[in-house]
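Both complexes below contain subunit A, partnered by subunit B and then by subunit C.
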Partner chain A sequence: MPFLDQWISWLPALSPGLGVSLTLTGLCLLFGMPFGLLLALILEGPVKPLRIAALVVVEVGRGAPALVLLYLLYFGLPEGGVTLSAFATGVISLSWTTGAYASELFRSGLAAVPAGQREAAVTSGLRGWSGFRYIILPQAIRISTPPLASLGVTIFQTSSLAFVIAVPELMSKAYALGSITFEYLSVFALTSVLYGSITLVALAFVRLAEQRLSRHL
Partner chain B sequence: MEIATERAASPPTVGGVKVLGLHKSYGKHAVLHDVNLDMAEGEVVSIIGPSGAGKSTFLRCLNYLEVPTAGTITIGDTTVDAGARRPDRASLDRLRRVTGMVFQNFNLFPHLTVLENITLPQMKVLGRSREEANAVADSLLNRVGLAAKSDQHPSRLSGGQQQRIAIARALALSPKVMLFDEPTSALDPELGLEVLAVMRDLADEGMTMIVVTHEMHFARDVSDRVMVMADGRVLELGPSEQVMTAPTHERTKKFLRAVLDR
Partner chain C sequence: MFAQIAAGVGMTVSITGASLLIGALLGLPLVAARRSAWTPLRTLATAYIDIVRTIPPITWLFLIYFGLPQYALRLDSVSASIIGFSMIASAYMAETYRSGLLSIPQGQWEAATALGMKFLPKTRYIITPQAFKVTLPAIAAYAISLLKDSALASTIGVHEITYQAGLVSRATHQGLLAFSIAGLLYIAMSIPLALAARRVDRVLRQKLEVA
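And now, the complex of A and B:
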């Protein structure tokens, strides 16, 4: 199979890009998930001005396509006097997208904890923050984890959009390789195999986590 | 405890429960009308009646899971006046500290082990050390006959076992009064018996208990008095034997016929 030899010879050129894609995704999840939880807590919280601010952040983050957000920050931040590398801009932009979607998943997780749990917490003296921290939140996170993990996989694929602001991730490496070899079809076939195999492995882990976490709920 | 033998005769004391003129309405729709209850320490009162009578609502008002519209609730030396504005946090905390609640659906914390279910509130609410909390939990688990299950998660246990754990969890905070909201209604009859046995022991030890129930044998044999409710009102309240065998109210007779003659 001649194309296999060709693919193997291309791997050294693509693997740095894959590394950047995975790093980008990792950072976006690292920042985006806690950000999403924070947004969810604010949205469920009692402080109205904060709630409105969080709502704007979430609705823009979900309403604007990730590609638009990337451009918005890439061109917008320098206008505002903030100059960041393309990579940093990519991290901020995709973390925003991640946080916006994650906040909705956290909120539905919180809503899915049965009302009886809140009552049992309150009657056990665990009211306010301690009831939330020890009883409600751990259950909500267990409920939200499978969809959050799926979101992580989606963000990995979405990270390919960072190509448009010249982040040297997998997609941009593939494009560069194509423009040298003119074997676009074969290059992008390999690229999709790379994205796909990582995605499928990640999804397998999601399923495993799903089974483990739902054991006690 | 020594109180058990003389509790029926003793007058209402500071350790008991006193509810005066409790009202509860949702908008214009009243669900509780002027409910009064005066209980001595160590007394057991069962609340029976058709569904929709307001039994559970009344019970849930006692620890403010439902907010009553008017009336006063005194448990031990804590009084909460519902007629005023919403009571402050401190009084609600005190009210909930002296009441233990057992729910129809157990409501154990599913993400914690049996032991953690019983120790976490002790450590967070009473500030007990892990060792103290474990010791209390161990002795309570022994008492409800489930010491062997302490490392299991609730989902691995039968309903009857879960309810016994829920009773242990409530007892761990040393409440003055235990509130039971249809504790056996979600259980099949056999599992219900093991829960009732634990409750009977608790009553014998002198715990003050209010039990919303459809278990007529428990109401007659274990409780000192029975309160019959219908349509948000108390129809009658009297010694269990008398209420169960010779009720005065026509509605009570009808209800008892319906549940006893099946």
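And now, the complex of A and C:
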């Protein structure tokens, strides 16, 4: 198969891009997940001004396309006097998207913990924060883990958007290779195979984790 | 500035609407194939749905817009993006339909068969009305996410909201303002969709008297 030889010869050119895509995804999950949890805690919390601010962050993060958020920060931050690399801008922007979606998943996880658990915590003398921290939160996080893992896979796909602000990730490497070789169809087919295979493997792990986690629920 | 960015709203709506419509129609035979008893057909449909969904939309658009002309199928950017998004929508709609169908108790199919109904009237009068009610919120949610995905069409040069915002930001050097307007336009467009879906959903539930 001639195209397979071609693909193998292209892999060295594309693999650094794949590395950047995976790093970008990893950093976004690393920053985005705690950010999402923080947003969820604020949204469930008692401080109204903070709640409104968090609501705006979540609704804009979920309501506006991730692409628009990327452009917004890429063009907007320098106007505010903050000049960051394209990669850093990509991390911030996609972490915002991740956090906004994750906060909703954390909130539904919190809502899914039975009310009896709260009551039991209070009767056991675990009031307020300590009851929340030791009784409610661990259960909520366990409930939220499968959808959060799926979100992680989605974020890997979304990382392809960083192409538009010139982050040297997989899509931009593929586009560059295409414009050198003029073999766009073949290059993007290989790119699709790379994205697709990683996504499928990741999804298989998500399903496995889901089964293991639900054993004790 | 607002007027120039808002000039892209029509294109965003057309691309989203056309892709959603085509995807919703293509999703019907697809879900039938996905639930088919004939293994090769089922495998093919499952593979199509999985492959389409595991590849990022931007990769699909580039594959269609830059890749196909290599074999003399030259598409303009609007058709290329509608083809790409219709494909993606068909896979997601098929999965949405499938979850709707799964929520219908087996007894409904059996009862319809017992009444002597053939496949088409059974589907038309018994299953679809119930499945539609269950699926509608999911369809509305997908419509909103497709609306946001349509921003990607700007990368292959479709003159929709994001593209217009990009033009404005380069011309005026006010990127923050331009893309804030673009973001708010998307949010403003998805709110009526969400509200309409909620209302229709409530009306349908009352009509069918199901909690």
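As a working rule, the second predicted complex is superposed on the first by the 217 of 217 C-alpha atoms of A that agree within 3 Å, B and C clash if a C-alpha of one lies under 4 Å from a C-alpha of the other, contacts with A are read in each partner's own complex, and residues count from 1 in each chain.
The rule is short, and it goes like this: contacts are C-beta pairs under 8 Å (C-beta built on N, C-alpha and C of every residue); 3 or more make two chains touch, one makes a residue touch a chain.
Treat the numbers as computed from the prediction; the structure is a model and nothing was measured.
When the shared chain is aligned, no partner comes close enough to touch A:L22: not subunit B, not subunit C. Of the two partner chains, subunit B is the only one touched by A:Y134; subunit C is not. Of the two partner chains, subunit C is the only one that A:E183 touches; subunit B does not reach it.
Of the two partner chains placed by the overlay, only subunit B lies in contact with A:Q117; subunit C stays clear of it.
With both structures placed on the common chain, the touch criterion links A:G80 to subunit C but leaves subunit B unconnected.
Judged by the touch definition given at the top, the superposed model places A:F163 against subunit C, while subunit B stays out of reach. After overlaying the two complexes on the shared chain, residue contacts for A:A209 are found with neither subunit B nor subunit C.
In the superposition on chain A, contact of A:P65 is made with subunit C only, not with subunit B. Touched residues of subunit A were counted for both subunit B and subunit C, and C has more of them.
Contact residues of subunit C toward subunit A in the complex are 50-51, 54-60, 62-63, 66-71, 148-152, 154-155, 162, 165-166, 169, 173-176, 178-180, 182-184, 186-187, 190. Those residues of subunit B whose C-beta lies close enough to touch subunit A in the complex are 63, 65, 93, 96-97, 99-101, 103, 105, 107-111, 120-121, 124-126, 153-155, 169-170, 173. Against subunit B, in their complex, subunit A makes its touches with residues 114, 116-117, 119-127, 130, 134-135, 138-139, 142, 215-217.
Across the complex, subunit C is touched by residues 59-60, 63-69, 71-72, 74-76, 79-80, 157-158, 160-161, 163-164, 171, 174-175, 178, 182-189, 191-192, 195-196, 199-200, 203 of subunit A.
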